[in-house]
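Input: structures, listed below.
Note that subunit A is present in both complexes that follow, paired respectively with subunit B and with subunit C.
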Partner chain A sequence: MGIIPLIIWLIEDLLYVIIFPGLVTVMVLAIIIIYIERKIAGKVQMRFGPLWVSKRIGGALQSVADLLRFSFQSFIVPEGADRLAFILAPGLMFAFSMIPLIFVPVGPYYSLLFPAGLTVLLSVALILVTPIYAIVIGWSSDNKFSFVGSLREAFLLMSYEIPFIFSVLSMVIFYRTLNYIDAVASQYRFLPGIILNPVAAVVMLIVMIRTTGRFPFDITEADSELVMGLFTEYSALFFGVGMATPYVELYVYSLIFSLLFLGGWWPAPLYSPGPIMGLILPGLVVVVKAFIVMTILVFLRSVYPRYRLDQAVRSGWGYVMGLSALAVVISILEVIFL
Partner chain B sequence: MSESSAKERKLRNPIVGHIRALAKGFKYLVEPNRMTLDYPAETMKLPPNYRGFFTVDDKKCIGCSMCEMICPPQAITMIPRVQVQSGQTVPEGAGQGKKTKRPVVNWGRCIYCYFCFDICPVDAFVPSGVHDLAFYNDKDYRPSYEEYLKPPEEPYKNSKKVVSRPDLKRGVGYEPAP
Partner chain C sequence: MSERVYNIEEAPNIDVSGDRYIMLQIGPSHPGSGHMRIKVWLDGDIVVKVDPDIGFVHRTSEWLSERREFIKAIPIVERIMLPDTIHANLSYITTLERLLGLEAPPRAQYLRTLAAEINRITSHLYGIGIFGIFLGSSTVYMWAFGDREPFIDLMEMLTGARITYSYIIPGGVRWDMPKGFKERAEKVLEYMEKRLKDYDDIWVKNPVVQSRCVNVGVIDKTNAIRLGVVGPNLRASGVYYDTRKHDPYAAYQNVDFEVPTFKNGDAYDRLLIRVEEIKQSMKIIKQVLKDMPEGKIIDEGTYKQLNPVMKKVYDERARVMFPAFYNHMRPQPGEATGRVEAGRGEIFFYLRSDGGKYPYRFRWVTPSFRNLPFFTHVAVGYRLADLPAIYGSVDYFPPEADR
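Entry: the complex of A and B
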């Protein structure tokens, strides 16, 4: 390989990671989804929602204004905190919630520095790293609210990790591949996964709601019990990063959901490997699907109250686990009989 | 089993409950049924018995300090003044006359209980009817006596005035003020 193709290849990969499905897209989508979440909650709860920042477009710049406000606040490290861990943990949490994006393809001709054979396995493994930093935050903050929040996160992590893995496993069994591109190709040939195995899709949705702290499982940062949960002691941009992390996770989970269950880049044509037809058009299809999933999940905020910790943990070890086992059985039966 | 208990059992079924909650939320999302005001653009015209911020009538007040005594959060301070011939008071040393006291309210402490209105033997407190004021710094909370005497200005004068009325569908509704 000559030096110039290598450079072009590197630049393409950088653009992939930084701009299109990566960082910039994530931040823009996070800002939009936060606005949509607040507006939907406002409408359902008989009020206006954000309105007075840029009134002509319905308060759409409210999230941008919040971001600006976070950036100009001063950052305070509490006296008893473990200083290094306290400062590093939110950034690492954010970074590790982004890293699975490397293994989540949004187009059929995508390849990055890593072999594309085990992408499902690698992304699932990396997604489950993020909550560890939640526990680090709770430990380092020297605050009882943060600590209780991190303990709750640990309990819930234990109870919902296995259903998530089972749900992905059932689709892996059905598609007989550990690679997203082959999984989507198999959905092109047959039917989208949500029709083939709806139980697995329901389990995956419940786990997504749980892991990203959306509403019925808003237990780790229960505002009325733990002041702000994990982020009680944080201020300024660190608080903003901490608040943005669940939305990044939501985006990654929604991408995985749309790849495994909604047919990925399904209506997009498959024949040309160029940058526009090969990456941007299928990528847009996937991102739009993921965005619709995100919108449905943030809609839950306006409807549900909060589960207690014991109810959530019991449901995690109970019926969610049962459903996920059922999903695996369904997949095995379908593989045998179809 | 009566019919009502069967209905209750159906409601207690978690799946039915989830679907009903989601459907109700979606219904409200599609046709918003708003019960709040678009606040600074529309403001409520309140009945006159809502007193809001208040000042004191300098001529009526007799300086008895009953308001200072009754004030639960100790927001009222009596400051020494001199009552001149016309009945007005001036700061000490600015004129000749009877030595007296006048109340000043610290708005940061006031809880708007209006005990001072109730206890005042000469009804010297004057309600302003202004309810919406914000202070930009700590100093504005503690006006001097001269600043306290000026009635506060209403902040949103050009807003649409509405009054509330009971509404069967959403609890409270609004109509333009008469």
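Entry: the complex of A and C
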């Protein structure tokens, strides 16, 4: 390989990571989804939601204004806190919530410097790293409420990790591949995964709600019990980053959900040449699907209050686990008989 | 459903010294505490002891009232229970009228009942809204506070104020019902009936709410009586007691209504009873609007002492202007008590006059204060995460307890 194609290849990869499914898109989508969440909640709750910042476009810039406000606030480190961990943990949490994105392809020609055959495995493994930093935050804050919040996070993490892995596993068994692109191709041949194995899809949705702290599983941040949960002691941009992390996780999970269950870039042609048909169109389709999933999940805030910790943990080890095992069984049966 | 590890009787006697228990201070500056500090001792996740530390919003209402003319205590008692001002006002005036030997005319009594019931609805909606945000449902919080508005507007139409009405005066009320009030009230009641169905869908019958509230914070009949619980919380435990029935005041002996009671005495029953009481209040309002007698809104003795300008105002605008002698009221030496069923329970009032300008002793006990011992017992044995559910269901209002 000559030097020039290599450079072009690297630049392309950088553009993937920084612009399209990566950093910039995530930030823009996070800002939009926060705005939509607040606007939907406002609609349900007989009020306007964000309005006064940029009134002409319905307050759409409210999230940007919040981000700016966070950036100019002063950052306070509590006296008893473990300084290094306290400062590093939110950033690392945010970073690790984004890293799975490089293993989640949004088009047939999306390939980076990694073994393409193992993308499902790698992305699932990396997703499960993020909550460890939540525990670091709770430990380093030197605050009883943060500490209780991080303990709750740990309990929930353990109870919902296995159903998540089982749910992905059942789809992997069915598609007989650990590669997202092959999984999508397999759905092109048969049907979308949500029809083939609805149980796995339901488990995945429950786990998504739980892991990203949407209602009714908003347990680690229960404000009437734990003030702000993990982020009780945080301020300024660190707080903003902490608040944005669940939305990034939500985006990653939704991408995986739309690839495994919603047929990936289905209405677009599976393999077609050219930058528009081969890269941008499939990418857009996947992102739009993921966005719809996110919107449905954030809408739950307007409907449900929150469960108690022991109820959530019990359901995690109980019926969610049972459902996920059932999903695996369904997949095995389908593989045998279809 | 959580099992109860610690017994309610032994609750206050548990020794919480030592390393086994963690003490958690909830409040006074905490989203889930109100203007109060709750000290909670935990054994793991189980609440062992609750010590509500009150007094952060003490307003010296008794001290202030003993150093002012009788009539000037009305705005002071109202400031104590802001979601429920008309009952503070009514309980004080009922007691003062007994001391003065006054009797309000029937129309004034009906107007008092009307105002009291509208206010009871706003008070219960306030409680439901706070309960909602404690369990994390911002929707029901916004709905309840939004649906208070039509009732507050009604009260504004009737009394000229939104929250602090100062509507009831010795011997009657200050304003008559304005034109168009009846039609508007009927519209509001219709709207509220529709809304109650929405509340059923999103809040009362919500599976998450049921799993959080059923069998949580249970207090049985015997213990409820022993701990002196009052109001809806008492009736949720199955005790049929309502001052409106047992010691009728205003026009309550003339209206037909039921006192709903429930059996379990858990947080869910305490939620249901508020919804039921809203329905009963709407029933009372309808009857009051229908049966409202004609006549004066102030007693004859006071009317005679109005000067010509005031009489003209009264005849033209149906408005009572305060005559100057109100300020120099000197009741005969003696004492009087009064009881009123407010939104959160029974208010007890005691007034003593030594024949002077100021009350010699001004004493009142508010429902939230009487529900406090109950709160120290009821949360014991449940999980920390149940505390907001229990605290929200009790509908405790800190300034009301602190007075």
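Observations on the model:
As a convention for this text, the second predicted complex is superposed on the first by the 335 of 338 C-alpha atoms of A that agree within 3 Å, B and C clash if a C-alpha of one lies under 4 Å from a C-alpha of the other, contacts with A are read in each partner's own complex, and residues count from 1 in each chain.
Please note the rule applied: a residue touches a chain if its C-beta (ideal position, glycine included) is under 8 Å from a C-beta of that chain, and two chains touch if they have at least 3 such contacts.
Since the structure is predicted, the reported quantities are computational estimates derived from the model, not experimental observations.
When both complexes are overlaid on subunit A, subunit B and subunit C end up clashing with each other. By the touch criterion defined above, A:Lys144 lies against subunit C but remains apart from subunit B after alignment on the C-alpha atoms of chain A. Legend: residue contacts after superposition of the two complexes on their common chain; A:Val303 is shown touching both subunit B and subunit C. Shared-chain residue A:Val227: touches subunit C; no touch with subunit B.
In the superposed model, A:Leu51 makes contact with subunit B only, not with subunit C.
When the shared chain is aligned, subunit B comes close enough to touch A:Ile40, but subunit C does not.
The partner of subunit A that touches more of its residues, comparing subunit B with subunit C, is C. Once both structures are laid onto chain A, the subunit C stretch out of 114-122, 168-176 or 186-194 that overlaps subunit B is 186-194. In the superposition on chain A, the residues of subunit A contacting both subunit B and subunit C are 44-47, 302-304.
By the touch rule above, subunit A contacts subunit B in their complex via residues 40, 43-48, 51-52, 299-300, 302-304. By the touch criterion given at the top, residues 41, 44-47, 144, 148, 215-216, 218-219, 222-225, 227, 301-311 of subunit A touch subunit C in their complex. Taken in their complex, subunit B has these residues touching subunit A: 21-22, 24-26, 28-29, 32-36, 38, 40, 170. Residues of subunit C touching subunit A in their complex: 2, 22, 24, 30-32, 45, 132-140, 142-143, 146, 202, 206, 208-209, 211-212, 383-388, 392.
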